[in-house]
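Heads up, the next two complexes both have chain A, just with different partners, chain B and then chain C.
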Partner chain A sequence: METLLIELLKSLVSGLLMGMVFALVALGLTIIFGVMDIVNFAHGEFLMFGMYTTLLVSPLMGVDPLLSLPVCGVVGAALGMVCYFGVVRFLLRGPMVAQLLGTFGLMLALRNLALLFMGSEPRLVKSGVLVGRSLVLGPGVVLESTKLAAAVLSIVSFVFVWWLIRRTKTGMALTATSLDKEGARYMGISTERMNALAWALGGASVAIAGGLLVNFWPVEPNVGLLFTMIAFATVALGGFGSIQGAFAAGILIGMIVYIPPVWDAATSFAGVDAPTIHGFKYTFVYLIYFLIMVLRPQGLFGWKQ
Partner chain B sequence: MEAVKNALDFSDFPRLDLTVAGLVLAFLLVFPALPHSGFAMATMIQFLMFSLYGMGWNTIGGYAGQVDLGKAQYNGIGAYTTAVMMVRWDAPFWVSMPVGLLFSIMWSFIIGYPLFRLKGHYFAIATIATSLVLKDVFESWDFVGAARGLAIPIRANLPDFLYLQFRHDYYYYYILLALFLLGILYLNAFRHSRLGYQLRAIKDNEDVAKSLGIDAHWCKIKAYAVATAYVSVVGSFHACYNFNIEPEDVMSLDLSVLIAMMALLGGAGSLWGPIIGAAILVPLKSYLGDWLGAESGLTGLNLVIYGVIIMVIAGAQPRGVWGMVEAVRARRRGGHAAA
Partner chain C sequence: MPEPMLEVSGITVRYSGLPVLREASVRVEEGQTVAVVGSNGAGKSTLLKAIMGAARTGPEGSIKFLGQEIKGLPTERIVRRGLIYVPEDRKLFKPLPVEENLLLGAFVVSDEAAKRRSLEYVYELFPRLRERRAQPAGSLSGGEQQMVAIGRGLMSDPKLLILDEPSLGLAPLMVSEVFQTVGRLQKEGRTVILVEQNVLEALEMADYAYVVQTGRIRHQGTSRELLDSDVVQKAFLGGV
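For the complex of A and B:
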């Protein structure tokens, strides 16, 4: 019984921590979607660029990986702007199909640029104040410091972006554009500038998430797709365009990912000869995504459909 | 009878189209007799396969205007049914292919029913999700070989027409070419069928179509099943052609998107569009991969270029090559009328 409880507790805490990072990953997608109704397939690739940034910058500048986060933010924002002005702006004129394919082409290009320059072997940050340390909460419940820090900093970033959007003038202009593009334009808010801002903000937040993630999740050029799908699922669950929704749904998705290990522990404890399902960790995420889309397309907190 | 007549009726195309189509067909028929490299042959087979995928996609994505990015799952169902039946029960291709087709169509009805309650990008992403779920299932399902995939045992006596195993690629080529021609004929009948007209009405304006008494939901599900059939048959063929299948090969997201892209690049919603798209993208992809592949030390550059090309097409000409042709024709007709 005790082992089962510990497993449950461990999964609960891990799910919570992971969920906060997922929320930050999804934040960028939901901002971009909310402002301009475009689905960005290259989202996971932005994350991957953030991961590589931390990996390369922290030894180069001789600082701890966690201190390289501002650089990630800048790189992400720049990448978002370049993608917007270089590609996405032209896709907006076409039908929805053009946007789907265009951002898919962007994903292919970014992913393979990484492959070209970084090679295909998975890499992980190896040194740093927090790497390898852990916090013991109780017998068997061990928290890796890197995950804890990632979760805390993720919340900090999240709150910062939330403040930026809800409490500053620029942020309100952004909200106005996502609510009613035409109306906002009559008020003198340039849609073009708001779109660019959404991409910069989205790129920065997801790149920071990448910088946090690389402390405990190895990076390779193909890492993006999984996170793109997780971000889609998170955004769908929380409601397309909703910021609070993304946060709640991120944590929920983090928990869902840990259902299979708990289930396996429970069946082995109960002595039931059930097949193990830990291989289906992310299948559950896709399934939830599908069900949410079909049953409640506006998500849990969505206002846009 | 009506359907057969429609399938053979190409009279609504301009003479130029038919002449070009005839020349291409003649080339396709004699291609194996011309001097060619093995690589060119493999590329031609890929071209025929992707034309068929694209034609299938065109029914749902082109005529009905529903962007489906989950076609790879049906390729997987077809390929796995054939492979599993060959490995475990020694069933010939001509038995396993219809069984796979049946499974695919059944699955398409099961997920098509909820899927078509969605529209636009919600639909598109949901199709991706279903495809990924199925891929995950196949990757951990031991009965079908999990992530290792399945290898089809090679028969003793080649060529074997029952199991589609040949020593030379041109056997595969001609079988595929026959499927390709059948595919075109079916699509030609489909264009003139009741369903074809209903779908175009739905694409133009779904609300008006509904008000005319068209059951849009059911029409889309039917078109989805037609698209599925094409992909599933090619999937079964793919299993025999490759001998070796893995989930990553036969049901990846990249394949799904590639299928959609071929059709869109050529021009969705037209009979020739997917074929033109495949004729451009397949050689481009395989020759870029050949020139800039592993040996040159520039792994990834080919796909960077490929991605950039996709972006440029999506940004510059979302209606595809056929859209350009039609724009030119419309202009010329307009000029004629003025003169």
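For the complex of A and C:
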């Protein structure tokens, strides 16, 4: 019984922490979609760039990986703007399919760029104030500092973005742009600038997520795929374009990922000779994604507002 | 002749090579109400969108606002110069409350006190909007939505206000309310371009008017001249 309880508690805590990381990864995707109605298939590659940024910058500048996060933000914002002004802006004139294939192409380009310069072997940040430290909550329930920091920064990012959108003039302009582009221009809002800002914000937030992630998740050029998929599931679940939705859905998905290990612990406790399923944890995420798309395509919290 | 506030000379707009507006010229002087009338699809909205930088104009002609060329500028830069367009489909931000819609109308205004004064002015102009200030704009009736659209257009205290078919699709009572509002704006000395299908009302209100037919400005003159002219009588007012 005790092992089951510990497993449950451990999964709950891990799910919560990972969920906040997933939410932070999804934040940028939902911002870009909200403002521009464009699905960015290269989202996971932005994350990968953030991961490499921390990996390279922290030894180069001789600072702790945590302190490289602002650099990640700048790199991500710059990457987002370059993608917007270099590619996406031109895709807007084309049909929907041009936008889909365009960002898909962006994904392939960024991935191969990373392969060319960084090689294919997975790498991880091995030192830093957070690495290897943990907070023991009880027997078997351990909070890794790296994940805890990621979760805290996720909350900070969400609060910041919420404040920006709800409480500032720029946020009002972003909201107006997301609701009606032509109408926004008649208000004197440069929708072009708002689009670029959405890409900068989206790029910065996901690159910061990457910088946090690389403390406990190895980076390699293909790492983006898994996170793009999870971010898609998160955003679909929360409602495309919804900020609060992304946060809630991220946590929910974090929890879902830990259903299989709990299930395994439960079956072994009950003495049932069932096959273990913890290897299928992401299958559950995609299953939920599929169900949401079929049953409630607007997501749990509705589109946009 | 005084320098006009807006001077459109000989502009042409083509959609996929086909001209929908040809060599249009329009003059608006400060304090004037200028009507642009014509039937559906004649090119009135295209003319307005061309002025606002929202329809791509051909290389010919020029659009001067306060003596400066604005042809080819992006819409938001034209708005910043004090030329405000209230589109016929209103383009409200429907999920946002009425008040936020109005405040977005003052997006280009940085003076907070001026913004509050404008808001007070709009609420005084349309008391019903004050009652509904917290409601989503999309939940209002058609007439009330039109009030939001006009009110939002006034929030930046524009130098020139363009109203595109403000009475379109409204109940008769609301139509007369819209015209009353235009009358009041006129009395305040505002400069207004009024585009209308209600030709008679528009002409009676305006100082000067243009008649657009099949993509060209066919007639122009003071409202009196047009009201008395045979062409306008025959084409729009059912006279013989």
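Rule of thumb we're sticking to: the second predicted complex is superposed on the first by the 303 of 305 C-alpha atoms of A that agree within 3 Å, B and C clash if a C-alpha of one lies under 4 Å from a C-alpha of the other, contacts with A are read in each partner's own complex, and residues count from 1 in each chain.
Quick note on the criterion: contacts are C-beta pairs under 8 Å (C-beta built on N, C-alpha and C of every residue); 3 or more make two chains touch, one makes a residue touch a chain.
Because the structure is predicted, anything quoted here is derived from the model rather than measured.
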Scan A:12 for contacts with chain B and chain C and give back first, second, both or neither. neither
Spot which of chain B and chain C makes contact with more residues of chain A, would you? B
Going by the contact rule set out at the top, does A:190 touch chain B (first), chain C (second), both, or neither? second
Quick one: is A:182 in contact with chain B, with chain C, with both, or with neither? Answer first, second, both or neither. second
Examine A:97 and indicate which partner it touches, taking first as chain B and second as chain C; both and neither are also allowed. first
If you stack the two complexes on chain A, which partner ends up touching A:232: first (chain B), second (chain C), both, or neither? first
In the superposed arrangement, does A:173 touch chain B (first), chain C (second), both or neither? second
Chain A - residues contacting chain B, complex: 39, 87, 90-91, 93-102, 104-116, 120, 221, 225, 229, 232-233, 236, 279-280, 282-283, 286-287, 289-290, 293-294, 297
The answer for chain B against chain A in the complex is residues 67, 69, 114-115, 117-118, 120-122, 124-126, 128-130, 132-133, 136-137, 139-140, 253, 257, 260-261, 264, 268, 298-304, 306-311, 313-316, 318
Within their complex, chain C touches chain A through residues 52, 54, 74-76, 79-80, 84-87, 91-96, 100, 103-105, 107-108, 152, 156
In the complex, go through chain A and note every residue touching chain C. 169, 172-173, 175-176, 179-180, 182-192, 304-305
